[in-house]
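Heads up, the next two complexes both have chain A, just with different partners, chain B and then chain C.
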Partner chain A sequence: MDVVSNVVYPVAGLLGLYAFVSLASLVWEGIDRKLVARMQRRIGPPILQPIYDFLKLASKETIIPNTANYMFRAAPILALATAIALLAYTPVGFEPILSGKGDVIVFIYLLTLISFFKVLGAVSSGNPYAKIGAAREAALMVSREPAMMLAIFTIMWRIGKLGVDKPFSMATFYQHNIWEIGTPMSFVGALILLYVFAVWLASEIEVGFFNIPDAEEEIAEGLLVEYSGRYLALLKLTKALKGYIAASLVVAIFFPWGISGYFGLSGLSANVVDLLFHTLKVFVVLFVVQSVFRAVTGRLKITQAVDFLWKNAFLASLIGSLLIAMEVIM
Partner chain B sequence: MTEKVEYWVKIPFGPIHPGLEEPEKFILTLDGERIVDVDVKLGYNLRGIQWIALRRNYIQIMYLAERMCGICSFSHNHTYTRAVEEAGNIEVPERAEYIRVIIGELERIHSHLLNLGVLAHNIGYDTLLHLTWLAREKVMDTLEAVSGNRVNYSMVTIGGVRRDIDEKKRRVIEEMIKYYKEAFPQIEEAFLHDPTIEARFRDTAVISKRVALEQGAVGPTGRGSGIRDDARWSEGLGVYPDLGIKPVMPQDVTGEKPRGDVFDRMAVRIGELWQSLELIEHALDAMPDGPIKTFPKDNVLYAKLRLMVDGEGIGRYEAPRGELVHYVRGKKGSDKPLRWKPREPTFPNLFSVAKGVIGDQMADFVVAVASIDPCLSCTDRVAVVQDGKKKILTEKDLLKASIKKTREINPEIKGDPSPLGVGCVR
Partner chain C sequence: MLGYWDALYFVFVFIIGLILAYLLDKWAKRSGMGTRETGDGTKIFISGEDPDRIIPGFEHLEGNYTGRNVMWGLTYALKNFFAVLRRDHTGLLTDYASYLVITTAFVLGVLLIWG
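What follows is the complex of A and B.
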């Protein structure tokens, strides 16, 4: 076994990726706030404001309510650790650092685990508002995942039929993509699934219609109500990372093309160029799903949101998946 | 065997909460997200205004009344003035009445735009909040140009108004009317035809006509529930009948039967924006020339009030939130009123909405409270009843009680509790 290529390179790569993605995702938050402010005819904060906020929160006093138990403190750290681990399975312009057969399961599992830890921390705080927020988050979580999971498994299964090295792996998107199937029916299906993924992404990062668990005016930031100081900083960073990762999935499925091939690059420089180009694509996806969506909509009630996710997004996912799978089945 | 267990929780909503503009407290009993019961606790914004007022003379109270609330500062001042005028049989020149109409309607536009923005903010629709409040800046600027102040206009005095609307100010108002003729259709479009707003506001916090009548709901809250009432119309207030006032009902705006939900209350406000604009336009055209006040100098007014005010007077006015009533009782020879009692529209509206929101979701609560446009600083009163007897607390008693409470909360507190100086000597 070669220790250097199996352990040192992946760890160094993951650390580098983590440093870059944290910065990029926090900068995106700043760009998002600025863009939304311009849409609302405000001036808006400086683009680096989320980074200033993070640094300031990290240096502030952390207050622990005396009703809280140890999970309250552990949850933000576990959530961030999960997000970092998830980065190793995220397609970011090139194959994920750790990719193997069926790692899509790990990806979905870890992504859900972040929300789960947030819920756990909120429930452990002993605050009634946090408990309402946790209940809302849990309801939203179980409603948004089925549509996405159905769609992603169908796409991976269909791409697997085109011939790939490791089926059901995140790396398959860089060998064949959904548009290469080529039939008109699958094209329509892919467009429908793009809509499904946009809805899923919006509910995953909780903007616009789906800003329900954190509803500031209703339940005073819900899940985050008791967090302060360092723990709040960690949760904010986790939220930014999660947004980047979830958008990365959408980009990898629907717009996986890199540009390093055009410049004739290879090795590390190719990876860096692809990562930067991927980040640009992530920003474009997030601009549509986050900035524009939250500027033109308000928040729904939790019952309406769950209805929407099951009756609209899940139905669309079913139709899109059938259209894509149709010709193989028949 | 299978007995239904109900997991009800009581949670406090307020006194300080991001969804509330002012300190007010509700104890909500929740079954999951469903609201089972609402208990309204008032009294977090008491400033003892009536107590202060009984130690001021008639002219000073005008400025005190104006500062009871930041938004309906004209309404309070105006209604108090009307009550004193009734008690003293003081005639008001016609031009002054027209100027009062103009300022009152300008204030209504600014208050309603503010409330529409707050409603949008409460469902997380911040774009609409910022655009509505951007439109509101125009009326604030106009009010500043006309009266000199953005908030406390000080336009009204007993027996007239303090400042005239000359040709220059008239041009400013006409320019504002032109601006709003373009801006209001956009606001109307955004609020009446947006799917998110429709989903959140329709059939939320329904106050049926019966509940509204029982609780005495007034203003847009009452009209949204189908009660055809407007103090300017039913009282025939001032020159309003000449200007063709009539109550705006939700069916005039939405074209549907009133359901008494948040959407209907919002629709009434949008209708009133248009109505106010029309009233201002008519008032500017119909305004006759003439004096603007009965007594040109304040010292003359002070001396006259001493002699003229005898007995009681009641002023009624339709404030942006509903019908406002001021009661004044004076005695010949004294420059202070014996009793001054304002009655605010928020009080009945708050209890009707607390009834209406039962059965809805937790998410609806903040929207429901904002939909009546509560003004707690006007509403809060206190009366101490001990053993069936009314008790008057002096400043010393209150100080003692607050020291006791502080010790209760934090026994280790250091510092000298005795008051600095002599306290309030009056």
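What follows is the complex of A and C.
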């Protein structure tokens, strides 16, 4: 086994990616807060405010509630570790670092595991608000994932028919994309699935309609109510990373084009340029799904959100998937 | 090949993530103001209520949170769907046998049509 190409390069890539994405996602949180503030005619915090928040929270005293058990302390670290591991399977403008070692199911599994660890930490705190938040997060989680999973499996299966090296690998999006299928039906299906993924992304990062598990005004930030100090800092960083990763999936499926080809770059410089361009696209997607959505909508009840996700998003996903798969099945 | 997963790399990457997260936690613990685990400040927050106060008539309830049904949001929102499912679970063996027969006939029919 070639140690350098199998271990050293992936680890170096993962560390670099982690450093970049942490900064980029925290800066995005700042841009988002600034933009929403401007939409509401406020001045808003400085753009680097989430980074200041992170450093400040890390330096504050951490309070462990007397009802908490050991999972309360372990959950933030496990959630951040899951997010970092997930970065190795995320398409970020180029093929994922470990695209040959794990497929889309690993990606979905790790993305769900982050929410699972958050729920586990919340119920271990012994706070009733946190338990209500955890119950809402669990109900939301089982409602939002089926629509996304149906859509992404159909897209990958259909793209696989166009001829790719490994079907169901996250790298397929950079070999063929959803717009290359070419039939009018599949174009309509792709537009419907774009809507499904926008709804899924909004519920994954829990903004606007879906800001139910951490409802600040209602249940005192729900899942995070007992977290303070460095654990809260870790969880905020995890949330920012998760937003970037989930948006990366949407960008990779629908807008996978890179710009390194136009400049004739190759190797590391091509990857850096593509990563920067990908980050720009992630910011644009998050601007629509997070900033605008959060500024113009309010929070739903949990039953309304579950109802919306099953009867609207899942149904749209079913129709879009059928339209995309149609000419292969028939 | 429809799906693949290299468990060794998965564990490897997860351990790297754990090390990074642990180092970040260690750094924060060293540079921060420490951890408080005892005293009145460590009581849970329930909007100013004292969690240790016993409410007369509710001594039998453990804790403050009585809504134990974690999936209430899901089952209530989709109650029509779950009612249909519940109605089908009659507990009669003949019903379950008929479901099996119908499912087998459906699968065989699909296989016959699509070859």
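What we mean here is this: the second predicted complex is superposed on the first by the 328 of 330 C-alpha atoms of A that agree within 3 Å, B and C clash if a C-alpha of one lies under 4 Å from a C-alpha of the other, contacts with A are read in each partner's own complex, and residues count from 1 in each chain.
As a working rule, a contact is a pair of C-beta atoms (placed from the backbone, for glycine too) under 8 Å apart; a residue touches a chain by one contact, two chains touch by 3 or more.
In this text the structure is predicted, and so the values were computed from the model without any measurement.
J.: Is A:I132 contacted by the first partner chain B, the second partner chain C, both or neither?
T.: both
J.: Quick check on the superposed pair: does A:Y244 touch chain B, chain C, both, or neither? Answer first, second, both or neither.
T.: In the superposition, A:Y244 touches no partner, neither chain B nor chain C.
J.: Looking at the overlay, what does A:F173 touch: chain B (first), chain C (second), both, or neither?
T.: neither
J.: Just to be sure I read the superposition right, which of the two partners does A:Q40 touch: chain B = first, chain C = second, or both, or neither?
T.: In the superposition, A:Q40 touches chain B alone.
J.: In the superposed arrangement, which partner chain does A:F254 touch: chain B (first), chain C (second), both, or neither?
T.: In the superposition, A:F254 touches no partner, neither chain B nor chain C.
J.: Looking only at chain A, is it chain B or chain C that touches more of its residues?
T.: If we count touched residues of chain A for both partners, the winner is C.
J.: Tell me the contact category for A:F210 with respect to chain B and chain C: first, second, both or neither.
T.: So A:F210 meets neither chain B nor chain C here.
J.: Does the superposition put A:E218 against chain B (first), chain C (second), both, or neither?
T.: Once the two structures are laid over each other on A, A:E218 reaches chain B alone.
J.: Considering only touches as defined above, state whether A:G298 meets chain B (first), chain C (second), both or neither.
T.: In the superposition, A:G298 touches chain B alone.
J.: Which partner does A:W28 reach: the first (chain B), the second (chain C), both, or neither?
T.: Neither partner.
J.: Just to be sure I follow: which residues of chain A are touched by chain B in one complex and then by chain C in the other one?
T.: Correct list for chain A: 128-129, 132, 135-136, 220, 302-304.
J.: Name, in rising order, each residue of chain A that touches chain C in their complex.
T.: Residues 7, 11, 14-15, 18, 58-67, 76-78, 80-85, 88, 98, 100-103, 105-106, 125-129, 131-132, 134-136, 138-140, 142-143, 166-169, 220, 225-226, 229-230, 233-234, 302-307, 310 of chain A touch chain C in their complex.
J.: Across the complex, what residues on chain A touch chain B?
T.: Checking each residue of chain A against chain B gives 36, 39-42, 128-129, 132, 135-136, 209, 211-212, 215-221, 295-304.
J.: Across the complex, what residues on chain B touch chain A?
T.: 9, 11, 17-19, 30, 32-33, 120-128, 130-131, 134, 196-197, 199-200, 361-366
J.: Can you tell me which positions in chain C touch chain A when the two form their complex?
T.: Residues 1-6, 9-10, 12-14, 16-18, 20-22, 24-25, 27-29, 31-38, 41-47, 51, 63-65, 67, 69-74, 76-78 of chain C touch chain A in their complex.
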